[in-house]
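Letters are used for the chains, namely A, B, C and D, taken in the order the chains are written, and counting of residues starts over at 1 for each.
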């Protein structure tokens, strides 16, 4: 049963150095506040998992919190490059990051397998691409038709962190709008944390709403505005300017570091 | 009425959606083209974004495929696994637009790295949905700026297969696969000649015997496009 | 794009003798009106597919419309046996019916594979049961863990028929309440028909509502009360007495035939 | 206060749900027992029905697992594929109740046919969700009426594995698997002796050295049960 706790306490209890951590949210409901709390608590050597590493993961990679990145698209949506992601991979700045990359369909099905308690999932994908040689997929033959398909291994993060619009006092969570892969991430993970815009007495089921029962979640923490500069459908609005500004901030090593230090997100250096 | 090449490229993309039922799009020119097609050519065109919005009717060109406007105006919003498994993979979406950093003569695409995979000179964003979109959707159109760094003799990394590609629409003209699958220049935009396109292509680009010239943008197309991007 | 037509016209256009037809609805929204129209039009030699053949399939089997039954649970929910289903299998009355049976998980995943354009789906199931020897499943080894899993073949009916609460004039369909496997059945089928309680000007998205876009459906037909004695959540109420009465009606060959003939559902005999 | 054996069977099932978080149930006795457990033992118990209703709080015993009351009172309603793939298969539901027409000494179950598969004397409804529920849920309890036609030496068809079964609760007593997996009579209901249970079992049923007697129904249990079934 989910405990409703403060964000700092939730992160302290659930996220450990070295964990495989998935902070999900597909262009919507990105858990910035929780990711920043992970940085404030100086968690390091993380395996960061996310279909679309965007500004949040650029920040986490840029301060050296990640030892590995598992992803399918690392860009600043509608803007361009993620400069810290590029700096890590191209120049090893601030450190080298191991990369395991998939397609979106592959990542989504890896989460589905994880949520389903299956060791793998099948799809028609990857074939005819160089990804086959560079990532963890295997060919498998359909026993009925002989068609060669691709199997992807299940993804079961140590911790999944998502942001949603609402939870009730029992930790039942509701999100709506663009749904992404958040439910699968929570169900696939060993532990989970959901930050929410607000705690309500009772959830009122919304059109398009997805409910995650509180007994499938470890901790719920209130974090109003906690997905900004991303947004929470119906509550906050995407701050497109912040995404555009990030291009300038992240482009230069020193500008980036200053920006992060000003916000207490850079961590202490060894 | 004067226009820019980028405008004509978007208009040429939009024209290709006349008569289509559904189109899968990312952000940028394809999104602009698809919204334009709904305004000018195909009011019932179903726009599908990989964020899970099916039948989105955006009033403005979205900055991100996750903009709230897309979910609010959609006929249905589905999860990302459902989007790829139930909608893309079975070929339910008729046409997809894809972009890329590199395109080869068979319309295979690279959006992963420039340089060696393990030590890339430029790390690009990566595959995203493209590999499965490219083999799931019956028809793929590639949209890219025409230049020798984009239209390359050999890809640094093959992210996406060109097997379903029916057209590559650039700011200079239109390439379509010939009988053997190799791209052929079939149309140049007004004011462009085949020599200019060949010079902007790293391989020895074939030119169709009957090379067409893209129709000039109509006043209606141009007005609609400019109105759209000004919103 | 779905055409909004009369039910008789829809069935006439979409259902052919010999078709593999899935009339789905998991204890809710069972498409009785459409199934009865199939009988009124005397469609025969059907391969009837349905996770839970209940009273409707008992009627269709009982008049000899089915050559084959693909299913996972053939009972009268909360009441007991389906006597016509039993008569066909135990006594060949009115005719022998070929049986292909699965588990619910197997059938559900077969529809998922069908909706996904995949030739098969994987699950952890069937093993340790005699079903393995009697139905179409194959063992398959996970290439990552070595675990032996089971593959089930995709289910792609010629026609899927479902009932929903609402459609709009463009044939966009919305259902809510218990969702079953109807969306998967429609997406897996070659052709599809949706009967609805009402046609509305514009769909208003409901909590728990699932929308099937009209361009994925061939025909929509108004059939108010069309799932009775099952029900349409929020519109009609399950007629539990009718389910209990069915036990008596279907138990006796002649009582059954008389009941069906009285309603024009028995068809002409050759 | 007098009571019937069937009532005690339901009450014995309900008692086993004390301390549990979630239970998977079909209709009939298990559903009654689970609702009773919420009333008497475990108010927070999460009821999950295979119709996709998670956290249903029915006021009445439903006739069908698809009754509207279940969806209306549920915390979440999911599709049938999701129920089996995301909820049952990964073992998210702590306990499942299953019934059957035949039970063998290892708690394997038959709900498919009596007689040969191809020419059954009695065609039963079939597997339903049972095969995957039985291996997905960490703990399975079987509920069946005790008699020689049900508790058989050899199943006519093995529909479901008994590997996760921790108890078989009948109208005569309770059987639990011993160290080698064979069922042992561990408790008889008041007024029943081991001989009666053995006589109602086709195989040579083992009896525990310390055979317990099920506690009599309490007034609270019986009142709650009778109130529930009268609704």
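In the analysis below, a residue touches a chain if its C-beta (ideal position, glycine included) is under 8 Å from a C-beta of that chain, and two chains touch if they have at least 3 such contacts.
None of these values were measured; they are calculated from a predicted model.
Touching chain B and chain C at once are the following chains: A.
Steps from chain B to chain D, taking the shortest chain of touch contacts, total 2. Ranking A-D and A-B by contacting C-beta pairs places A-B first. Taking the mean of the C-alpha atoms as each chain's centre, chain A and chain C sit 39 Å apart. Remark: chain C and chain D have CA centroids separated by 28 Å (rounded to whole angstrom).
Looking at chain B, residues 85, 89, 136 sit in touch with two or more other chains. Among the residues of chain A, those in touch with two or more other chains are 112, 117-118, 123-124, 184, 208. Contact between chains, using the touch rule, shows up for A-B, A-C, A-D, B-C, C-D. Taken in their complex, chain C has these residues touching chain B: 1, 112, 115-118, 172, 184, 187, 210-213, 215-216. Residues of chain C that touch chain D in their complex: 26-28, 51-52, 71-75, 77-79, 81-82, 85-86, 89-90, 101-106, 108-109, 111-112, 123-131, 134, 177-181, 183-184, 208, 230-231, 233, 237-238, 240, 243. The touching residues of chain D, counted against chain A in their complex, run 21-22, 44, 46, 54-55, 75-76, 85-86, 89-92, 136. Within the complex, the chain A residues that touch chain C are 117-124, 136, 138-140, 142-145, 147, 149, 151, 153-154, 204-209. By the touch rule above, chain D contacts chain C in their complex via residues 27-28, 50-53, 62-68, 70-71, 77-81, 83-85, 88-89, 112, 117, 120-123, 125-132, 135-136, 157-161, 163.
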